[in-house]
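Please go over the structures that come below.
One chain, subunit A, links the two complexes that follow: it is found with subunit B in the first and with subunit C in the second.
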Partner chain A sequence: MLEAKGLMVFYENMLALNNVSIKCADNQIVGIFGANSAGKSTLMYTLAGIILDMQKKEAMAGGERITMMGEIRYQGEEISHLKPSLRARKGIILCPERRRIFKESSVIENLRIGGYLASAPQAKKTLAYVFELFPTLKHLQKRIGGFLSGGEQQMLAIGRALMAQPKILLLDEPLLGLSPLMQSNLIHATREICNKMQIAIIVTEQYARPVMPIVDYAFILENGSAVLEGTRQELMDNPDVRSAYFGIEES
Partner chain B sequence: MAITTQRRKERIDRGINVRTEGIYALMSIKELSYLAAPRLVLIVGLLILPLLLPDMYWKRVITITCIYAFLALSFDFLAHFVGLVSLGGAFFVGIGGYLAAIANTYWGFPPWLTIPFAALVGGAVCTLLLFPCLPLRGVYFAIVSLMYPLFSARVIEALDIFGGTDGIMGIDGFSNHFVEEYAPLGLLLIALFAIRRLVTTDFGLVLRGVKDNDQAIRASGMNVTFYKSVAVYIASTMGCLSGAILVHIYMWSGISLFALDFSILPIAATVIGGSGTLIGPVLGCFILVPISELLRDFGTLRIVFYALILVGFIIFRSEGLMVWGQRKYHQFERWTQI
Partner chain C sequence: MDILIYGTINSVALALYALGFAMVYGVSRLPNFAHGALYVLSGFITWTMLNSLGLPYIVSIVLTLIITGIIGAMIYQFVLIRVRGMEISEIIASYAIGLAILEGLRWGGFRGVNYTLPAFIAGSTNIAGISVDYQRLLVVAIGAAVVAVLWLFTHYTRIGLALRGMAQDERAAMMLGIDSDLMAVVAMGFGSMLAALAAILLLPLGNVVVEAGYNVLILAIAVCIVGGLGSWMGAVLAAFLIGFAQILTVVYLGAQYQMVVAIFAIILTLILKPSGIFGQQKELEERV
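Right, the complex of A and B next:
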């Protein structure tokens, strides 16, 4: 469905992504794991096209020059020069790191903004689904976004992304700063979204352990390069992954 | 796309920038001149400018340009290093101008005394009046600083104080043309280099911190309002200084000192020169003010040319001249294979 080949991103002279190739099939959850500065967020920005926007802003302010190379194919079509708004219309929806909800709008307003491009019946249906998935949000509809707790904000961010009718959902560090209970709730919700809505999901995370149970395929990034990839079982069986990402020492 | 033929342009710092940060190890005349040349070009260029222009009219234009340059410098300092967008250039000019006029005509101070008096006291008056909106974040400072000059002009008109609409006449001029030409230029250069130095000191770091994240500054145990008011005092002192000089050049002080031009033109100059460079806005004034004089024959049509220049800059070189120039001077570019 989505396939990126040989992605290279430079922030001025710093190499952020080095020849990264990833792919994600229909109705599949793909995990991308890596430490800070591995290039996870840059990869997400590149897939969603936000990087083109950053590139333009930096160029206008005379700041860093961002260079991108490689190709991104989505449903067989080359999209690496497509603006983020057009990619979103095609169904590539990013749920950004640190949530970035509209802090001064209420929960229901946030969700309605997300559903701006959807048709009215679609939006209504998705809204009902979001409330079914996250019942907490239903009770907080009138609450201003900025006053929600971290977990509620993350639910809202995912809900907002779903309202935009994604065909492929990019979740950038959805578990950042959440309690273990909330983490497991969100992870189960992610699996459910994938099954129910029949969409592909790419999720990035620093800690592989909570996310690993739901992913079908995963990539491991280190210093901007994809060093390892495989299905869940292949990675779980790999001794390097076991020690580096699960803390399991081989006897 | 084939990967083998791809290349990108990279920016490399010139050698002397790389070797040390801040403290330069100077090895040769070439390196010494690399550092000193831009500063010398500016200083010498500004100082010989009045000599190159034989015409009294153009010498006067240069002096007026200096007045605007002070305001642009103060705008850039507040906007880029403290995060306060000031639309009150006219307010600073007006307060400084009227104070100098009053000190000169009512109390008989000579110009060399009225100018520092108006700058220091005027800065205090402006800071005091702007103080109520300093603890607030957001648009309040901009709005209040825009309102004060309109308000002051109407008060002077309505109450008929300080000469009312006629203004205060009979103010002493400068003793000779040499002083009139070089006092503003010299003071401008001093102010420029002083502010450049100031923003790199610890105090300047705190100010930039206030702009980025005032909550973090508060959490570090510093009083944000205090730092903001000191910055406003510095900026308004420069504005009042320019106002006082202007009054002694025109030998007249009136409510046109509160005209909107003094607020708007420095902002336009900052856009053209490149905000955050300090020298950029000064350079912007030296471009905009003379152009505005050249276009005087076109009457009100000059506003159109003016607007076109501005829009052109925003579209094609929105970073500003000096940001672009400094990058070209300090870095070079070359193509690299990937």
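Right, the complex of A and C next:
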């Protein structure tokens, strides 16, 4: 469905992504794991096209020079030059790191803004589904986004992304800073979204352990390179992965 | 009593000046220094259609709104989009366009006292012993309607919600499929239309003169800074604050101090509370 080949991204002379190739099939959850600054967010921005906007703004302001190479294929079509709004229109929706909800709008308005691409019946149906998935949001409809807790904001961010009718949803560090209970709720919700809406999901995270149970396939990024990849079972059996990402030392 | 009535009318006029400016700034962070020029330009467009082309008044008004909207959108699409995100360049570019329009009009012969637009409804009435003409009452009524329509538009329509999303976080809006360049053009079009609407409502109260462009720009900026840049409802409330301050000054000090009030309001706000009285982003930070 979505396939990136040989992605290279430079911020000025700093190599952020080094020849990264990933792919995600229909109706699959793909995990991308790596430490801080491994390139997870850059990868997500590149897939969603936000990097083009960053490149444009930086060039205008005379700031960092951002260079990109490689190809991104989505449903067989080369999309690496499409701007973010067009990619979103094709169904690639990014739910960004640190959530970036609209802090001055209420919960329901956030969701309505998210439904910009949806037709009226689609929006209505998805809204009902989001409230079913996250009943908390239903009770907080009138609450201003900025006053929600971190977990509530994350649910809102995912709900808002779903309103945009994704065919492939990119979740960038959805568990960042959340309690273990909230983490497991969100992870179950992610699996349910994949099953129920029949969409593909790419999820990035620093810690593999909470996310691993739901992924079908995963990549491990280190310093901008994809160093390892495999199905869930392959990675779970790999002793290096076990010690580095699960904290399980083999004796 | 006359302070109350004329203060309200003046305040609504200020709000009408400022709403277009506030809308453009709120959505695309562009300080549109051509706002005053668009205001005067639309006055002359209406005058030309009415007198040179002989069109009916209502047709001229509708056409002027549309034409000014298109001119604003084109200014954005062809010039300002290239300096997007660089505040100083945006100010210089938009001010240059404003100057070109205003001085171009002056050079083209639009000066003197014979450029006037007729009132919609002639005559006047008495409110509590004070004579108020119908045009001024109409300004208040339409001004209130514009604020109400704007509120509904930005809270319940797809485009309006997208504009508000972009005003809050442009990149997050992009991720949801909202085309930021297109929305900025749309916002500039609507903002210019609001400038034209203000011109059509307020110019019948006086002459259409080029100099009004500079005053309108300063007043619009004063209202937006006092209200908190980017906050639309803040602009409306600030318009009332400055509007009444101006009328009080006129009554107790003299009419020549009217512009001083606006400039003084800018300076005072920047010293005491730079985010403005209703700067929403700051408000949230202060509350949390």
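Quick note on the criterion: the second predicted complex is superposed on the first by the 251 of 251 C-alpha atoms of A that agree within 3 Å, B and C clash if a C-alpha of one lies under 4 Å from a C-alpha of the other, contacts with A are read in each partner's own complex, and residues count from 1 in each chain.
One rule holds in what follows: contacts are C-beta pairs under 8 Å (C-beta built on N, C-alpha and C of every residue); 3 or more make two chains touch, one makes a residue touch a chain.
Please read these numbers as outputs of a predicted model, since none were measured by experiment.
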Fit or clash between subunit C and subunit B when superposed on subunit A: clash
Touching partner for A:150 - first (subunit B), second (subunit C), both, neither: neither
Partner chain(s) touched by A:101 [first = subunit B, second = subunit C, both, neither]: second
Residues of subunit A touched, compared between subunit B and subunit C (which is higher): C
First (subunit B), second (subunit C), both or neither touched by A:69: first
Contacts of A:230 with subunit B and subunit C, given as first, second, both or neither: neither
Which superposed partner A:60 touches (first subunit B, second subunit C, both, neither): both
Partner chain in contact with A:12 - subunit B first, subunit C second, else both or neither: first
Which superposed partner A:210 touches (first subunit B, second subunit C, both, neither): neither
Candidates 116-124, 134-142 or 170-178 of subunit B: the single one with C-alpha clashes against subunit C: 134-142
Overlapping contact positions on subunit A, where the subunit C interface meets the subunit B interface: 60-61
Residues of subunit A defined as touching subunit C within the complex: 48, 50, 53, 57, 60-61, 83-85, 88-89, 93-96, 100-105, 109, 112-117, 144, 146-147, 160-161, 163-164
Complex contacts: residues of subunit A adjacent to subunit B: 6, 8, 10, 12-13, 60-62, 65, 67, 69-71
Parts of subunit C lying in touch with subunit A, wherever the complex brings them together: 83-86, 155, 158, 161-162, 164-165, 168-169, 171-180, 182, 280-281, 284, 288
For the subunit B and subunit A complex, residues of the former touching the latter: 1, 3, 6, 8-12, 274, 318-320, 323-324, 327, 338
